[in-house]
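These notes concern the structure reproduced below.
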Amino acid sequence: MDKHSYHDMWVYVEHDGNSVQPVSLELCCEIRKLADVAGEKLWAVIVGELAKEELARVLDCGVDKLLIVRGEGWTPFSVDAYTQLFTELCREYRPSAVFVGGSIQGRDFAPRFACRLPTGCTSDATELVYDPKTGDIEFIEPAVGGKMMAVITVPEMRPQVGTIRPGTFRYSPTGPRCCETVYEERSFPLEKIRAEILDFAPDQEDDSLNLADAEVIVCIGNAVKAEALPRYRQLAQLLGGKLACTRPVFDRGLLPFKLVIGQSGAVVKPKLLFSFGVSGAVNHVTGLSDAGCIVAVNKDPDAAIFHYSDYGIVGDMDEICDLLLQQLEG
Amino acid sequence: MLNILVCVKQVPDVNLVKIDPETGSLIRKGVPAILNPYDENALEAAIRLKEHYGGTVTCITMGPDQAEEALRECLAAGADRAVLLSDRAFANADTLATSYVIASAARLLGYFDLIFCGKESLDGATGQMASQLAERFDASQLSCVAEILELDETARSITAKRVLENGTERTRASWPCLLTVEKTNYRPRIPNLKQWKASRKAEILRYTSRTIPGLDPEKIGDPGSPTKVPRTYPPQVGERGRMLCEESPEKTVKTLLGLLADVL
Amino acid sequence: MAYYNRLRPEDAEALKQRVGPGRFSAGDSVKEAYSHDEMPIYGRHRPEAVLQPVSTEEVAAIMQYCAAHTIPVTVRGAGTGLVGGCVPLCGGVVLSMEKMNRILSYDLNNLVVHTQPGVLLCDLAADALAHGLMYPPDPGEKTATVGGNVSTNAGGMRAVKYGVTRDYVLAMTVVLPSGEILKLGKTVCKTSSGYSLLHLMIGSEGTLGIITELTLKLIPKPLRDVSLILPFENIAKAIASVPAIKLANLDPQSIEFMERDIVDSSAAFTGTPVFPTVVNGKEAGAYILVTLVGDSETELSDKMDRLGAVAEAAGAYDTLVVWTDNLKKDVWAARSAFLTVIEAETRLLDEMDVVVPVDKIAPFLVYTHEEARQQGVRVRSFGHAGDGNLHIYCCSNDLEEDEFKRRVKRLMDACYAKCAEFEGQVSGEHSIGHAKKRYLRESVGETAYALMGAIKRVFDPDGILNPGKVCHEAEEGERC
């Protein structure tokens, strides 16, 4: 494969007809920078119609080219249709890289079209670096439960496909550029869609499970004793904030998945975050990168979490929590 | 007869893996190898289907000889047949090469109506295997399955409840279908003595790169893996925040609250 | 009757100098946690000062001062006790051993470890395993200190095979109430050399001296192990299987029992049901959990066959094999968390830790449940079926505290009387503290109780060490 015949970086813009997924905008902003370093163009690939205002938000990220796919068979989303679509588009347009938001949809179809092409696919990179010597993108991601960072490349094949978790990069639009639009008229035969959605029941709005807008968060890690949970909930309430946790706390069945902060869970941006008994694995702290002030309490003075914190206290988490409760109440 | 394949992996218990502070490399010595926890849930879902509708469950894995232990665990839980794909030539495979080998071997074992696998592995954690296996098997795909609702053997379809980011979906997919399941409803069972004993004695089917006919050497192991890992390094961390340590925890907390006065 | 002095400001200052300001607190700055253990129903008593020594010498200096000024001293480990053993009934000083938490050295030729007493059991066990060795005692509370384990002669799950903490203490350093430092025992496994003061110290609950260093015996860790769950229709059938299991030459490492109630509570609380409740179409009412060890899979497999046959003959619904690391982790975590679950879901809690002959476990539990029903108190139970050691928790979320105490007293009076009738012991591993003193006295009789008191006076003539505990008479709050 002559990889030098592949040019330009693509971002798949996931939307539901009304609004664009934030992860797609985050990706447009980040890949804008990467494309500039590589001297390549940034394409936004949109399937179906998108309202003007939403389109403007995409363009605001500095997109060079819009590839808009029109036709039948694209709504609702199906793995079958989108796998075929991206296989065909990549073969025809030969982009150097394709980025897809790491939503359930994205994680379902991106590895699959990479397999069909075939090419290499990476997931969950937290940092992207363009190597001018090789022309390859370095996908840097936590490995082995966050104990190591691994650099992944796709040196021989193109496009380089990557799914990126929501919240990994910042939405920081640099303003629109002169943008060209290409329309693709194509359809996918409905009879080839092998999964039929019978119905969809949206989740009940439960504000206590929505961490995204919380101003104060009390986050507990695996060191928490099950019986001590109520006092942390109480502290969160007292602070007018929300309770959250790390992945292992969810795995123990103590709190629902929506309260998990980290790469596979929520990315949060509170003004103040208390972290109790959290070791500080990379997978978790990537969810904290936009937090304001972080206070960490851990009995292990060498815990990594202290390196991500503004204030650290080495001590018994339950004791510190109780003292906070006492002093805040008093 | 329903024919189910469960793809599993043996992984190091990464929670027990430590980093050598001097060299920055992983200390794997003494770290037990376990069946990937998500695969246990996939297996459980498959076995429940078999119990309800009849049929057979085959487990397959690619890995070193020791991975046999993970397969015996599957047999104890109720799988009928276990297949180990083991060859030095398979080493250093990424998900593309691994899915190719597994699908190629599976063709020798029959036609599978349903394929299950864990949603991700504890060690690699890319979560890509499910999609790529689905592609290799030319199967429909149901991820995030909380509950299997119905199996229609005449229409050859499966209906499942999927838990998505913002709601619950009921989806019907045609066979062959690849599924990944959520933990909650599919906790692994504890085998009884009879099952356990049978699993220890059972024969394990083995394949190497040479005994899978038509395997393309360019598509397996390192050569068949488009993704490479040129280097790894310990996570870079900045300086520690300000550590608070007064003569008593009470005073430390007091100092902290003073410092947080403008944020609170 | 003993008379103690209150801590004056000059005493506080003098004691503070013996440990430094960072390891001393007095008056209002004493943490509330030091005023109780895990069974606060027996009353809270705030110490006047808490000291955290780091060496034998510091302990000696503190004891000298307190002896000279008749200030009571109560030693405390992690505070995980269940009988008020570390609660300073008469105020004074609490010596918290939490900072004497270093594992000092291993002697791999003689298979011993030298350790400070404040090391947590879980840390010692993990560290020994990293050296390829096992510390056999395995009490359920893993975050207790080893010093606390020795002071209560804790038993735990593996006692049926390996014995109790007492069997693993070879030597210790003790600070006597006078402040004198005494070394007891040697790094050898046999002795026929006079009265064993070492064994008098073990299980003495901090009433005779302060343990400041320990030499503990270790064993090579077994190469393989497996746990098996035997579900039964009810507790009587479950317990009835135990003698046969013990006779089958399996040398099990542990034989635990648990009733369905606690299994359900645990599943509901943690959201992770580990023990199957319906087995082969039948509802399980009780479980036996057996752990077998061996050098090879063949050996274990053979033992499992024999256990399976015994279980079947005893009417077990099935023999479930916990072989993989994942399952072992789940099952033992669930077993170890039972008390945690009970504590978390219960507002008012009291407990019994009796030991009865194995064939009396079932009748005792039946009797207890019937009495509890009459008193209107909820009961949760589990324990060590292999050695007849039962953990019975009396719980209520609805009763007024005083009413609860009255009912539980009636229940306990009846149960301890039944225990005496069955020739049982008041406590298997949780000890006497001040909560079970009366039952101890009734159980051992006046002569034995008086001998215990006399021994206490030989070690501690002024009664300053942990007053009011085990066999020492000091009423709550007593002072000059």
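In this document, chain identifiers A, B and C correspond to the written order of the chains, with residue numbering beginning at 1 in each.
By our rule, a contact is a pair of C-beta atoms (placed from the backbone, for glycine too) under 8 Å apart; a residue touches a chain by one contact, two chains touch by 3 or more.
For clarity, every value in this text was computed on a predicted model and none was experimentally measured.
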(request) Please indicate which chain is farthest from chain A, where distance is taken between mean Cα coordinates of the chains. (result) C
(message) Can you identify the chain nearest the overall CA centroid, using each chain's own CA centroid?
(response) B
(message) Quick check: more C-beta contact pairs at A-C or at B-C?
(response) B-C
(message) Quick check: how many Å separate the C-alpha centres of chain A and chain B?
(response) 21
(request) Mind checking the centre-to-centre distance between chain A and chain C? Centres are C-alpha means, answer in whole Å. (result) 48
(request) Could you grab the centroid distance between chain B and chain C? Build each centroid from C-alpha atoms only and quote it in angstrom. (result) 41
(request) Quick one: which residues in chain B touch 2 or more of the other chains? (result) 249-250
(message) Where in chain A do residues touch at least two different other chains?
(response) 319
(request) Going through chain C residue by residue, note those that touch at least 2 other chains and give them in order. (result) 31, 272
(request) Please give the residue numbers of chain A that touch chain B in the complex, ascending. (result) 79-80, 83, 103-104, 107-112, 114-116, 118-124, 138, 142-157, 194-203, 239, 248, 251, 271-272, 282, 292-296, 304, 306-316, 319-320, 323-324, 327-328
(message) Touching residues of chain C toward chain A in the complex: what are they?
(response) 31, 33, 269-272, 337, 340-341, 343-344
(message) With touch defined as at the start, can you tell me which chain C residues reach chain B in the complex?
(response) 21-22, 25, 29, 31, 228-229, 272-273, 276, 297, 301, 304-305, 308, 318-327, 331
(request) Write out the stretch or stretches of chain B touching chain C in their complex. (result) 13, 32, 34-35, 37, 40, 73, 76, 187-193, 195-197, 200, 247-250
(request) Flag every residue of chain A that touches chain C in the complex, lowest number first. (result) 225-227, 252-254, 319
